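The following blocks contain the structures, represented as structure tokens.
Paired with chain B in one complex and with chain C in the other, chain A is shared by the two complexes that follow.
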Partner chain A sequence: MRVALIGLGAVGRGVAEMIAKKDLGLTITGIADSKSGCMDCNGIDPQRVLAQKKQTGACGDRSITAEDIIRDAEYDALIEVTPTNALSGEPATGYIRAALSRQKHVVTSNKGPIALAYKELRTLAQENGVTLRYEATVAGAIPVMHTLEHGLCGNEILGIHGVLNGTCNYILTRMAAEGLTYEQALMEAREMGYAEADPTYDVKGIDAAIKLVILTNTIWGNSVKLSDVDLTGIDLLTPDALRLAEDEDCTIRLIAEAIPEKHLLRVSPRIIEKNHPLVVEGTLNALTLETDMAKEITLIGKGAGSIETASAIIGDLLYIRDRYGKCT
Partner chain B sequence: MRVALIGLGAVGRGVAEMIAKKDLGLTITGIADSKSGCMDCNGIDPQRVLAQKKQTGACGDRSITAEDIIRDAEYDALIEVTPTNALSGEPATGYIRAALSRQKHVVTSNKGPIALAYKELRTLAQENGVTLRYEATVAGAIPVMHTLEHGLCGNEILGIHGVLNGTCNYILTRMAAEGLTYEQALMEAREMGYAEADPTYDVKGIDAAIKLVILTNTIWGNSVKLSDVDLTGIDLLTPDALRLAEDEDCTIRLIAEAIPEKHLLRVSPRIIEKNHPLVVEGTLNALTLETDMAKEITLIGKGAGSIETASAIIGDLLYIRDRYGKCT
Partner chain C sequence: MQIHYFTGGLVQVSMKLEMKDSPGQLVAALKPISDVGGNIIAVIHQRDPVSTQHMLNVQIVLELPEGRLDKLVTLLKNEGVHIQRIGKERLLYKRSVILIGHLMHTDLSDTVDQIDSTGFAEVCELSMSMPAINERSTSRVTIKAVNRQDMESALAILRRVAQQKSLLLIEPLAEEVPCESH
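Right, the complex of A and B next:
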């Protein structure tokens, strides 16, 4: 299967490395970063491009854009891994729209388009007889979407409860373990590279809420938006609150939850028993799916990381390759 | 899709109930328990049969056997959910062999045939162009096999570590929480219906080892046997050992693990940090998959129960239905 790769940040580099390293039956015919691109219908050596990018800062010809590749390259699936813009969803939404319209499958790690334009893009994919997959948008390496689609197929999903932001989970873990203040733990998270200079997006719960929106729309076919989420961040939590929880053998985690029957769509710090499967440490992510037959199934794993996220992207690509090879 | 159901214990009843309750596109054309059976190519009402079984102790005509149904009924997939015989694998292995030879798909919850005759049965399925699926044999409702097949597709599995026996986990949980002796906790487990009159199979680690054999042969295509597993049960554990672990913020769990690189295939009580994702409470099961890209992914859920196990069976049936419907 031929793939075009748009985006060469941490995730894009991870995908390129894994395609180079593993015998996955995937050939890259186009690569673009934000300022250059290259195309070759006979296949591009990802390692050569990664080396070139490292040396020169560009992955190819500065006159070739992502749009050129999406429009002109010969590929079966587009890998869209540009940075998330949670407000506009662009330029990713435009990229995805263009590829789907060309009857190309799309795999993305980009939360913007899926949170903002899921229905439109899904319809466009269906009309063009192709697939839009986005396992990597929620909980990194954890195969949430595959579990919903296959593993728990036949089950009705009654509710979801998740730890979907590793930065917040790290801060809360450190506050509980060492009695740090929020500010101290945030500083530590910054030093470890887990928090950005402006941590608003993470600590206010916005990132977790966007993932909750994606999950909710996927599972229940809704059209909820970020503004529908009842949102409280962790930035006002005190060490006292954690100490009180600790006294009851509990702790505090930022939990994203959706229970349609209770009209609940919320991201907020919750007191939770320490031995509950959702209480994971550090930057881990966790998601509990409440179902009618299987009851509660919890998935735990790394919510971020270059190769970890590449795992989700590659799972989606191989799913398309296997379906594409067999059924069409 | 037409299915024949062999076995009407807790799992078989759960499957029949769910097929009756949910609109899954599945029609039952044959049902057998250990002493009777019924066949109808136009479909059997599962609720009528369950009511009849409750009233009369038989699900149909005492002159119709499971063999008759497997040989003569019109069905696309056999659901084999008779009790596990871990030594001989029979009569289940014979049932599965007969159905595969008739080019019928098979879904089973029976550990005997998969632990003892997996290679033979898989080859027979391939030769006949059908599928043998057994999600329900390991960790009940947790979709382990689907996660290996789809969710983590593309990953190399480097090792597995699991809590695969709910009875042992309940006993260890209670010993740690209340300082009970092994004998006291076992008695409590019996009262709760979690342990059998003869608990050997569970507490000696045999059940967990059989599941480890199934996982190992599935993941790495090996042909390991129960006798290859380095086996230690929980029956000699003292409250002292648990107390010592507790002092280090650890606890003890019966862990089944396979790491091919280290030639490790072992079921034994292990000291494990309390906040490790594998430390689950009560009768829960948990499995950590160590992979090259996704790193560690842990799945937690109910390892037993009528409807919980039916969830795994139905997941397998729908997988076959979707493939069968689309690709053949």
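Right, the complex of A and C next:
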């Protein structure tokens, strides 16, 4: 199967490396970063492009843009892994729209378009007889969408509870373990590369809320928006709060929850028993799906990382290849 | 059919009963519980292999309207059931929350009163830590309520008060669990 790769950040690099390293039957025919692009219908050597990017800062010809590749390159599936813009969803939404309109499958890790324009994009994909997959948008390497779609098909999903932000989970783990203040734990998370210079998006619970919106719309198709989520972050927590929770064999975690029956769509720090399956350490993610037949299923795994996220992207690509066998 | 009206709360009672180990005896012993409007929560058999005179020991946990316990005891005695022990607890549900903010400046005793004055829930424990004056303090507040619905109402009050007073309220994730009766 031929693929075009838009975005060469951590996720894009991970995907390119794994396509080069593993014999997956995937050929890259177009690559673009934010400054440049390259196209070759006979296939591009990802290693060469990554080396060039490292050396020159650009992956290809500066006169070729992502739009050019999406419009002109010969590919079966577009891999859209540019950075998330939670407010506008652009330019990713435009890229995805253009590829779907060309009857190309799309695999993305980008939360913006899926949280903001899921319904429109899904309809567009259906109209064009192709598919839009986004396993990598929620909980990194954890195959939550595959589990919902295949493993749990036939089940009614009654509710979800999850730890969906690794940065917050790391901070809370460190506050609980070492009695650090929020500020100290955040500083440590920055040093470890787990937190951005501006941590607002993570610590205010926005990132977790966007993932909750994506999950909710996928499961129940109810078109909820980020503004529908009742949102409380972790930035006002005190070390005493964690200590008081500890006294009762509990801790505090940022929990995203959706229970349609109770009209509940909430991201908030919660007191939770230490032996609860959602209490995971460090940057791990965890998600419990409550269903009518299978009852509770909890998935735990790496929520971020270059190769870990590539795992989710490649899982989607190979699913498309197997399902739509006509791809070459 | 008997219909029981009551306006008071429910009490949770645990009883250790001893009765003859003969067919129908257990059913006969449990019937008075429904006769007084009670619900059986759990029945735990303790068939002692070396017990004398073929007696059956049963521990039961039930909830019943306040003021009905004496009648139940009389009814059980009439059935020939020997009551070895009774434990009673009025408020069944217990939940701890954490409040963070300017708890003293925003009148903590008023916050507690808003729960206590409901009559169906009360603050039974409060742990507090104040790092320094003018800094935010943190408190763990344990609430007891008669039943699940009252607990939800109490938490709704607390949510409203926390919002009014700009306090951060951290709720537990799990459903409230019935506390152990004594």
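Following the convention adopted for this analysis, the second predicted complex is superposed on the first by the 325 of 328 C-alpha atoms of A that agree within 3 Å, B and C clash if a C-alpha of one lies under 4 Å from a C-alpha of the other, contacts with A are read in each partner's own complex, and residues count from 1 in each chain.
One rule holds in what follows: contacts are C-beta pairs under 8 Å (C-beta built on N, C-alpha and C of every residue); 3 or more make two chains touch, one makes a residue touch a chain.
Quick caveat, the model's predicted, so the values are computed rather than measured.
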Notebook entry, point to check: Is A:L236 touching the first partner chain B, the second partner chain C, both, or neither of them?
Noted result: second
Examine A:A117 and indicate which partner it touches, taking first as chain B and second as chain C; both and neither are also allowed.
neither
Larger residue footprint on chain A, choosing between chain B and chain C, goes to B
Check: For A:A20, is the partner it touches chain B (first), chain C (second), both, or none of the two (neither)?
Finding: neither
*asked:* With both complexes superposed on chain A, which partner does A:E281 reach: first (chain B), second (chain C), both or neither?
replied: first
Contacts of A:A10 with chain B and chain C, given as first, second, both or neither: neither
| Touching partner for A:G151 - first (chain B), second (chain C), both, neither | first
Original post:
Regarding the shared-chain residue A:M187, is it in contact with chain B (first), chain C (second), both, or neither?
Top reply: neither
### Message
With both complexes superposed on chain A, which partner does A:L226 reach: first (chain B), second (chain C), both or neither?
### Response
neither
Chain C contacts chain A in the complex at 96-98, 100, 127, 129, 131, 136-140, 168, 170-174
Chain A partner, complex, touching residues on chain B are 18, 22, 24, 141-143, 146-147, 149-155, 275, 277, 279-281, 284, 286, 291, 293-302, 305, 307-308, 310-312, 314-315, 317-319, 326-327
The residues of chain A that touch chain C in their complex are 161, 232, 236-238, 240-241, 243-245, 247-248, 250, 252-253, 255, 268-273, 276, 278
